[in-house]
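As structure tokens, here come the structures.
Next, two complexes with chain A in common: one pairs it with chain B, the other with chain C.
Showing the complex of A and B:
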């Protein structure tokens, strides 16, 4: 486990990794919209808790949690002193990683919000 | 640098910088200026003028609605008034104002001498001015658009129901969207590549973070509307039935494309105002802003979520409830990041020692108004409530609370905060405070009663109402409030008008800690004396002797030895110096290009197609002249010193260069517009069982596949040309470019041959129409591809491009990547999609 954490801490952090969690939310949102639109237009209905939708949501949540965990490990990289707002390599890394963790939390909530209507609504009316 | 102690040397450096950055003088020549501080001021004043104009339109409307059954203006005039009020406030004030302010502030915030593409800023400004006057002026000819600021078809696409106004809206505002995208490119590259050394991403001023986020949002939000505008005008001018249900089209497609733009738009105008708060709140709390990563989370999170909200404007259109619920969920979720920002500001004020200045008063007051608008937003985001409130004054109240609290009042706060930065003089605190309270009272008096009149059944966009409805009193209150608000705005205008009579103030009058306050009251045109090394988020507060070191030229690039306008390009993440880039100088070309491009849009409005085509060729000529004479110039020496022993190149190409990024970003916007068209194709297929119609003949498989194959081959030729060129095989590269030109031309013709030889008639049904549009879009891009390849070949032959200095070839390769992608998607869709070929 420690070796894994060390390897993760050394991964590159960029503006692209920052947007992985919200991009996952966006992908899941698009998927949900297309899934509902196609089902309702072409089939005319969808079953309660349809399998495809559940799998898609699970995949999105797993990716978001994984990205959040990786970022969490990186956000706690040792070195430099608090409050971690200096112009150093580590503080820049910690900043980007912290922002990624927060975005992962927001994206997680966003995906759960999107998934909830499927639990409560059962048809295409 | 010890020699900076030499006062004579410093004076000589200043003399050189002053000469290089000297603005053009003279009655006509002054308008050729491209420097950010002058173009930004023109831009700001113009947007402010449009705001006042649109505000007067609102006052006329409120006067008409003051009493029941009033006849001050006719129904027709009223339609033009509300359409133009909304369109101008959004397209000619809110978005351009953010761009204008950013063009002024961003270089100062980033310690840069100017943004990377000054001429592009100037081009954006002239396009904006021209398009804005065209759209706004139409009301004096009784020809203003009258279909509401969202222009829903079929009311607006049927030429018997709506006149020239609809064309003016579509073409005039499309032109302005071009200038918005241009500004977005400029601002993104500015934030990512022109930061001072040491300003890593975590030290960037929050304003720059917001600008980056908002500019990226513009890239993805405006192009779908441009695609929609294209379809719309094809229907109005040529009768291609994209939104005509009788011929297989669908008016809802327009609503989708409009609101994919329209909802992010709300956040595009809101976030920059929040960005102003993020600058002024730390100053007046006298401490660092709390929760820097949380603010970044909020900005990025809002940007993403705002693209999942558009259908909440379409709750009443009869979409499946499950779809509505997805958008309702996202609309509720966006309240989270919005709230986080507000809490971060409150926490900072709480933890600091607050100075109750005029700008802070505006900031706090607007947060209060915005919060009320936010809460009614949570209400209308719930579909069943929205069905009750839809199209009533409740929604008018909601959106004005959001926009006045989230855009207008913050901008006034920003005006009071930054006026000393621009002019060296403070505005009157006394007038500012009185104006604030007058506006604050006026806004609440005008818009709060609208919640009630809306719930009692007053519909939007109707020019009068019967006395029996019992809402005369509420409407009178709204009208009085509107005039009160206008009085407050007038007071601000008087304060601004008095400014020239006041003496210059002191430098950094608010004791702020961020870089932009290095500006002196007697400002020089050069931006910053020397580009500093940044070690803190608030360098003026935290770094020892910072201001003196900047002023004495002790940091980087304190001189202009070669008498060129220059600034430093750095890396994206850590702001390590990469290059000294030579910037554009004053020129007529941006203005000429804007006028030529404007003529294309304006002449098309009046159906003068041949003249418009001529305008297009003039535009092409202007752009090519601009590129040929002003870009990728081979420097007289390979590198130069920026001081402190750092030597950087004067020319770089590929993914680390600012020009490459500009091309990449522009093409992202282009690809987004294209995806709007592709969305149209699949939208029709999803919702219409008879798309493509069973008896329709598609463009066949053969020609689309030939077009795709030749385009991919041309792409490969260009990529190989880039590689062999970099290895010094110039002749091979030129030959490959010639092969590429032939292949792209072949692809262009083959792409059009499919629908042509199968005789698809686009005015008959939406299916042939959308196939034609996709084919024409791709063919037009192939045409641009031919020009790109030909231009690069010419640059090589003219000796303006060599294996060492190869930016042209690398940049057009980016274009070719996107062209190949466009071709694959288009030809696979029209040639291979089920039911397409027969």
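Showing the complex of A and C:
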């Protein structure tokens, strides 16, 4: 665990890692629509336990949590006291990391809120 | 302003006076949302008042961030999640089976073509009035005959569009008997606001008796009806008059309102509507019969009112 933390701490959050959580949210949103549309068109009803949908949702959540965790570790790197608003390398990193953590939290909620109607409605009408 | 809003209160056409399963859950959700909104608004006002009156630097940066996290993130998320989970089951359509009654309703400018399709009997055509049995599931098949209309019985269920070339299904179940009102809620022409209908929720046994009576042909024909060519557009089953352009008039006299829920069913109103339908409903497809002597119009109205 310690080694993993050290490796993560060695990573750098960039604008690219920042867009991972919202991209997963968007992909899961599209996946939910496609899954429901295909089920209704081909089967006519939702499965009692939607295995593929559950797996897709779990994958999206795991990726978002992983991205959020990496960002969380970097946002809490030891250094000067807040506010972190200087033009230094460490403050830029903390800013990007905090933004990624917040986006990951929002995307996590977004994915759960998107999955809920699919699980609850279960009706093609 | 409040007095004006209160003027809209009634029991026959209101989503707040439900007589159906779906409208009841919508009303409950509305009340929960309203109470929740008031509680949140009061809590936020108190918090803002407290924040304004409290001298600065009372909270450390960390405490402030914690407050934002909980009051601005965690609590709203839990509230919205609870609301989503409790309201989603209400969006699920009621289950239907082959044994349920189906009613086809087609929106026309500016009236409603209604056909009852009981599971083991012939279809029964009617117009401008929808009757439903209390406690039984009914599937309403909604279509648009000419332009897009929208079907809404506020006390029974949510609204649904009636689109030409497409059939939308609205499943309803009435929970208490009574006389209610439905309306068109999609602008469909000059008399859109004059396109309503009566809704009668009946005890199942009474409904079965009514449907059996409604399926029967009319008592007899009328010379004036034939002479003025009314049968070109209107049908009266059992008399040879079989027009399908306008509303079916077989049991016209049993309806409580005239011209799609617009006028009370009186002889004077029926006679006046026959001669000048456009005065009641601008843009109506039925031509004016202003050449018809008023005495004939009254005689025709009496005949139609006798069709119970």
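As a convention for this text, the second predicted complex is superposed on the first by the 123 of 125 C-alpha atoms of A that agree within 3 Å, B and C clash if a C-alpha of one lies under 4 Å from a C-alpha of the other, contacts with A are read in each partner's own complex, and residues count from 1 in each chain.
The rule is simple: contacts are C-beta pairs under 8 Å (C-beta built on N, C-alpha and C of every residue); 3 or more make two chains touch, one makes a residue touch a chain.
Just so we're clear, the structure is a prediction, and the values are computed from it rather than from any experiment.
In the superposition on chain A, contact of A:125 is made with both chain B and chain C. When the two structures are aligned on the shared chain, A:116 is found in touch with chain B and with chain C. In the superposition on chain A, contact of A:15 is made with chain B only, not with chain C.
Look at A:25: by the touch rule set out above, it reaches chain B but stays clear of chain C.
Once the two structures are superposed, chain B and chain C can be ranked by residues of chain A touched, with B on top. Contact with neither chain B nor chain C is seen for A:66 once the two complexes are overlaid on the shared chain. In the superposition on chain A, A:90 contacts neither chain B nor chain C. Overlap of the chain B and chain C contact sets on chain A: residues 109, 113, 116-117, 120-121, 125.
Every residue of chain A that touches chain B in the complex is listed here, in rising order: 14-15, 18-19, 22-23, 25-26, 29, 32-33, 36-38, 40-42, 46, 85-87, 89, 91-92, 94-96, 98-99, 102-103, 106-107, 109-110, 113-114, 116-118, 120-121, 124-125. Chain C makes touch with chain A in their complex at residues 61, 73, 77, 80-81, 84-85, 88-89, 91-93, 169, 171.
The part of chain B that touches chain A in the complex is made up of residues 198-203, 288, 292-294, 296-297, 300-301, 304-305, 307-308, 320-323, 325-326, 328-330, 332-333, 336-337, 534-537, 572-574, 686-687.
Those residues of chain A whose C-beta lies close enough to touch chain C in the complex are 82-83, 105, 109, 112-113, 116-117, 120-123, 125.
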